[in-house]
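To keep things simple, chains are lettered A, B and C as they appear, and every chain counts its residues starting from 1.
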Amino acid sequence: MSSALADHIAGVRLVDNHVHGYWLTSGDRRRFENGLNEANIDPLADFDSGFDTQLGFAVRAHCAPLLGLPEHVDPQTYWERRRESTEDQLARVFLPAAGVSDWLVDTGLPGAIGGLAEMADVSGSAVGEIVRLEQIAEQAAAAAGDYADAFRRILHERTATAVATKTVLAYRGGFNGDLSEPDERAVDAAAARWRDAGGVRLADRVLLRFGVHEALRLGKPLQFHVGLGDRDCDLHRTNPLLLLDLLRQSGTTPIVLLHCYPYEREAGYLAQAFNNVYLDVGLSINHLGARAEAFVARTLELAPFRKILYSSDAFGPAELHYLGSALWRAAMAAVLTGFVARGQWSEPDAIRVVDLIGRANARRVYRL
Amino acid sequence: MSSALADHIAGVRLVDNHVHGYWLTSGDRRRFENGLNEANIDPLADFDSGFDTQLGFAVRAHCAPLLGLPEHVDPQTYWERRRESTEDQLARVFLPAAGVSDWLVDTGLPGAIGGLAEMADVSGSAVGEIVRLEQIAEQAAAAAGDYADAFRRILHERTATAVATKTVLAYRGGFNGDLSEPDERAVDAAAARWRDAGGVRLADRVLLRFGVHEALRLGKPLQFHVGLGDRDCDLHRTNPLLLLDLLRQSGTTPIVLLHCYPYEREAGYLAQAFNNVYLDVGLSINHLGARAEAFVARTLELAPFRKILYSSDAFGPAELHYLGSALWRAAMAAVLTGFVARGQWSEPDAIRVVDLIGRANARRVYRL
Amino acid sequence: MSSALADHIAGVRLVDNHVHGYWLTSGDRRRFENGLNEANIDPLADFDSGFDTQLGFAVRAHCAPLLGLPEHVDPQTYWERRRESTEDQLARVFLPAAGVSDWLVDTGLPGAIGGLAEMADVSGSAVGEIVRLEQIAEQAAAAAGDYADAFRRILHERTATAVATKTVLAYRGGFNGDLSEPDERAVDAAAARWRDAGGVRLADRVLLRFGVHEALRLGKPLQFHVGLGDRDCDLHRTNPLLLLDLLRQSGTTPIVLLHCYPYEREAGYLAQAFNNVYLDVGLSINHLGARAEAFVARTLELAPFRKILYSSDAFGPAELHYLGSALWRAAMAAVLTGFVARGQWSEPDAIRVVDLIGRANARRVYRL
């Protein structure tokens, strides 16, 4: 391997442009193994194990040494060593080791997980907040007075210090169908229906569309969950090509397509087609483990190199906050070394692309 | 190559969890070359040759030596040597060489092909039967009395000794649309219409849905043809993501997604998302030849390792019963050796995954 | 690398079965960088550069030496050297270097670009014309008398010397929906509406369908834009599987699926499923640069080797006419050498497949 490139990849400080908190409270092995499965919303079957996946193998390969264990140590030993520490102690091992200078944290997930302050504290790095539009919608519905006014007010309040917004439209009916901006009367009527229904999860398309267009108007980067997620979403309705009409009217607000598996090539096309569209690799890299290399290679097809971003999308086990970084570095090293070895890229270009994807693009997009 | 892993892959006895019979009667070269094309239902054009495909190249690379010919021998010599033997003699060469301990045979295809007894006889291995739901439907339509009762009775009779059921819903309208369980009155009416029509191929969605839900209730593994097949099916209507609603209500009955090309990554997602969903690699491996390696690698992405199965889906030329095994072994060796060489997997883990996919998962799922 | 195969790939004279003219007039750097982006129809953003893409890197890697510069030279130096020459001079450098014996030129694009005569002159190679159906439709609308008669007359006149027709149906509503042949009354009515509308771009489905079926009746190869293109088309509506019903009724007229990214595996399936369907690799190869190798590998899956064609789909910068050839040769060398090295293919077979895809298939299909 070309050592200047390898050394650079090993050392670059990353911006993790989409991440969640780590667990704050201890749990049993079942919780940990389920935490290694993204798509299933049931407990894993008795015959199965979260360790027998690419992610499980990657945890044992990359995280075991940070707990003083040999690479590829058996699951039982890994689990026993892990349980000797609190989740806070584990976070203090894994987060600093990720080599991340900035964590951009989606604070919209419930549960006993670390928030901005904990993330900054255990890692010693900077943090920024990403605000979920669907959470703002819930707050607006709970507020007094006009829904649209309340939404706009809360959006501006919460994003005064936040770096970006995010939508999980993928989980609320998907991307198919009309995504144009609704008129105020339609928003009023939909808000009244939703308030009357009392506390149901937001799935009204009018209100979802309203939120997206308010976020576009705000101008801060808007992240979309795309592709891989749990089975509550219809994966085929999260093909980012279904966003084409929306993207055509999205103006200059940066739109970040998160995760993207198995639509990373379609997302790369969109990143080439629109000046304001970006391609992120989070979540997919962790779950693909040894195959993260193939995924990273596919993201380096049509997407311009100034339009690709790194994230881990880690949530829960602190291992994942580190592993995203470790797998991305290994994948980039393998893929770019191959490009250089075959004479397609120069080594200085490869090093520059590492910096773009690893940190410079995110610093520009999020104005860090 | 890591020799312990390579030796293990070469030696493992496989369960072929979805296969058909080999030809019993001799045919001409045209039949043989058409037998190397899956998707076309017309005779191959005069300018074309079934040998000039990945499958044709793989036959010459892997099967020629078993007929005493050099690897990559020219097509004419291969054909002339092949025609010196009867199909039965060829089966006695190729089936034992596959290293398969158990053939699970879909007996629903017509034609002069070997059945369970012949498969067991020529290979010296165990056999199990897979019963097609659409064939049971035909038998129920031909039986006297209530259709639903007849279907249930025949299903239970035929699966008393069978290991699994199978549906070719992919060929009967595809996966799009409502796949919920129909009520009895709708089934009665649809059955009356079908019986009145007299002998037409089953394409009624109510009866197809009825059959699938009866098979789910039975509890034995239910195989779905997914993706690659002949052009009678609309390939885009066989995207397994279109099964999401059905899978959400499928309970604990194992569901095996067969073939899956080009939707193997979507199928792998489903195998992670549902405790009862499995990913199979048959048919695709044979037709991809030198590219089977890339396909196998893609199946090792999101699918948990306890949820992936081996099959050849061989039908017709006895070469295919052997070739699936040969190509799978070569592909697994290449892919897993790569994972080990890059430090992502340990060699003992790789060996264990070979056993899971090659035989242990199938033995558990089909209760062999 | 196996040198007989490598030498053969380096030397084979190609048929470029789908290409456009090169720029005739000088332009600024902005035009050049935008010319390296296919999907975006806006000017590139100020923060972006057409050089920071796989295509941009490939230009610097492969084209710089032909301008007397080192491989991977920096963009500024490349641009300054390039502007020292006229576009005609650049064409006289890059087109002959492509090693193309026959350019089949789609003459339907507007702008100051080289036509058949210029292409032949600067390259010293043969040329053939490909006629766009939508352009014939415009000419028929402008002609006096019955639209259908005029369309047929112009189609026959223009294709008397042309080698093929082409449709951009992908850009005029996509492949979804009815593509059957309309009746004459429907064509008359649609033509009257279109003529009355006066000069609007053809988007009427009846007239588009009419044109496609007239081209099928003509019998000369019919090329379809498929997949990758600019964002005016809805990429997901250009999935070639949506052509299945049309292909089932397309008879024996060769149908060439152009570009195909990201649907190259689906297109390969169709090339196996229909005797008259072909898979082309143009445009995609240029824009994928270092990843063209992965794309070429994916086209070598289900498509029979007598059904795959080479093209560059170059348009604008003369670099692209050369680069398609250079990247295809590099990709084929890497992929086929791998097949041979792993014992899956013989070297003589690999050499023969290079000839089939590089020139023999096109010579047969287009009757060159």
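In the analysis below, a contact is a pair of C-beta atoms (placed from the backbone, for glycine too) under 8 Å apart; a residue touches a chain by one contact, two chains touch by 3 or more.
Listed by chain with UniProt protein names: A, B, C = Amidohydrolase-related domain-containing protein.
Nothing here was measured: the structure is a model prediction, and the numbers come from that model.
Matching CA atoms, the turn from chain A to chain B amounts to 120°, rounded to the nearest 5. Interface residue usage between chain B and chain C, two copies of one sequence, is largely distinct: under half of the residue numbers at the contact are used by both copies. A separation of 37 Å divides the Cα centre of chain B from that of chain C.
Touching two or more other chains at once is no residue of chain A. Of all the residues in chain B, the ones that touch chain A in their complex are 239, 241-242, 244, 248, 265-266, 269-270, 272-276, 297-298, 300-302, 304-307, 339, 342-346, 348-349, 353, 356, 364. Those residues of chain B that touch chain C in the complex are listed here as 37-42, 44-45, 47-49, 52-54, 57-58, 61, 71-72, 228, 230-231, 234-236, 261-262, 287-291, 293-295, 330, 334.
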